[in-house]
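The structure under discussion is supplied below as structure tokens; questions concerning it will follow.
Chain IDs A, B, C and D follow the sequence of writing; residue 1 opens each chain.
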Amino acid sequence: MQTRIRIQREDFDLNAEVANLTTDGEAGAVASFTGHVRKEGDLSTLTLEHYPHMTEAEITRLVAEAGTRWPLTGVTVIHRVGSLKPGDRIVLVAVASQHRHAAFQACEFLMDFLKTHAPFWKEEARTDGHHWVEHRHSDDDAAERWKK
Amino acid sequence: MQTRIRIQREDFDLNAEVANLTTDGEAGAVASFTGHVRKEGDLSTLTLEHYPHMTEAEITRLVAEAGTRWPLTGVTVIHRVGSLKPGDRIVLVAVASQHRHAAFQACEFLMDFLKTHAPFWKEEARTDGHHWVEHRHSDDDAAERWKK
Amino acid sequence: MNLLYFAWVRQKIGKSEEQMTLPVGDVASLIAHLKNLGPNYADAFADLTRIRVAVNQHHAGPDAPVAPHDEVAFFPPVTGG
Amino acid sequence: MNLLYFAWVRQKIGKSEEQMTLPVGDVASLIAHLKNLGPNYADAFADLTRIRVAVNQHHAGPDAPVAPHDEVAFFPPVTGG
């Protein structure tokens, strides 16, 4: 299974990332997820902080776990950090497999665990100041579903 | 819910299609699926035939059904027809929602029903001639899961 | 009635479309009629488990009624996506 | 021991990283020690239901042991993705 994990300030190219997962011709199915900064009210900037090294280590562990649960040919995870604007893309998880159900399941599994395990924190800038985003318990419930 | 359905010979631009689904800023989650022609043995060309008008009508019905089951802000379905080569992209289903689980579910639902209901037929060209691809019963089982 | 054929059904029958004046009935009686039009039709409709039908661009079963101005399409189980 | 603080834990304590020589123990005893270092630490660790810990870059619970050369990080529940 080829694995690409990148934490970066820059945006990413979906065409190139999906092409990277399929150039070997093994996988017929690629399930992808992109998370975007929503446009809401007075939100002007979303700033992402992370824990360097642990982020990559934790995502590597999550991808390895996905690889033991489903037959995957490749996984790409790109998470942006720094200052983002409404409409910007935050995260990409793309999973290639010979089986589309495996690709969908692994992609959703990785998103659920990214949301609950990868050490990123979002801070919103609004007209009344800066606020750290609160963790959502619905994300814990989503990850809980996958417990064996 | 904005809906885009296109049957075309040309390839598509994933960045542009995902951007189309998120420019209104409503959706924070986009789940996508791309199907690709696998590189296998002596497969040289995959030709896709379809039933014009019914294809669009059937996909429109499937997208409307998905819209009644999940809270979606947009759906894009692009299916290529004509002659494709190993490695080429065949299909895109991209679903935007405020809720990532809804986006994933609707995307997989649409793929399962595209595979079993949309009137497309694949013909493979190999060194020993042309062969129509056989329908897979596992696709029927996948669609059956969604029956209420 | 406007009849359409796709994929190997089209190849076996040797045409993609034809107009016919046929008695009103259902999909099953229409197929029974077509099977008698010649060996190409008999071959195309030899195994009905491998034939799917759409009436006016909606999937239809053997009991679905067909009327004079309907568009009826015959094709193998679909393989897109 | 190398201590790291992130997000509002970092802001409340007023620094992102510090070195300390501390008695060997577990995560819970380490937090109890830190809470006594000043009002900024007391504020950061006031509600332990809102604090998560990683030891050597693995998520860790209150019973996890900490040793002199460990890297221990304190942060709020994560909100990426």
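Operating definition for what follows: contacts are C-beta pairs under 8 Å (C-beta built on N, C-alpha and C of every residue); 3 or more make two chains touch, one makes a residue touch a chain.
Just so it is clear, the structure is predicted and the values come from calculations on it, not from any experiment.
Ranking every chain by how far its Cα centroid lies from the centroid of subunit A, the top place goes to C. Per-chain Cα centroids separate subunit B from subunit D by 48 Å. Computed from the mean C-alpha positions, the centre of subunit B lies at a distance of 26 Å from the centre of subunit C.
Centre-to-centre separation between subunit C and subunit D, using Cα means, comes to 72 Å.
For subunit A, residues that reach two or more other chains under the stated contact definition are 35, 111. Residue numbers of subunit C whose C-beta contacts span two or more other chains: none are found. Chains that are in contact with each other form these pairs: A-B, A-D, B-C. On the subunit D side of its complex with subunit A, the touching residues are 4, 6-8, 54, 57-59, 73, 75-81. Across the complex, subunit B meets subunit A through its residues 13-15, 18, 22-40, 86-87, 89, 98, 100-101, 103-104, 107-108, 111, 142. Residues 35, 48-51, 53-54, 57-58, 79, 90-91, 111, 114-123, 132-136, 139 of subunit A are the ones touching subunit D in the complex.
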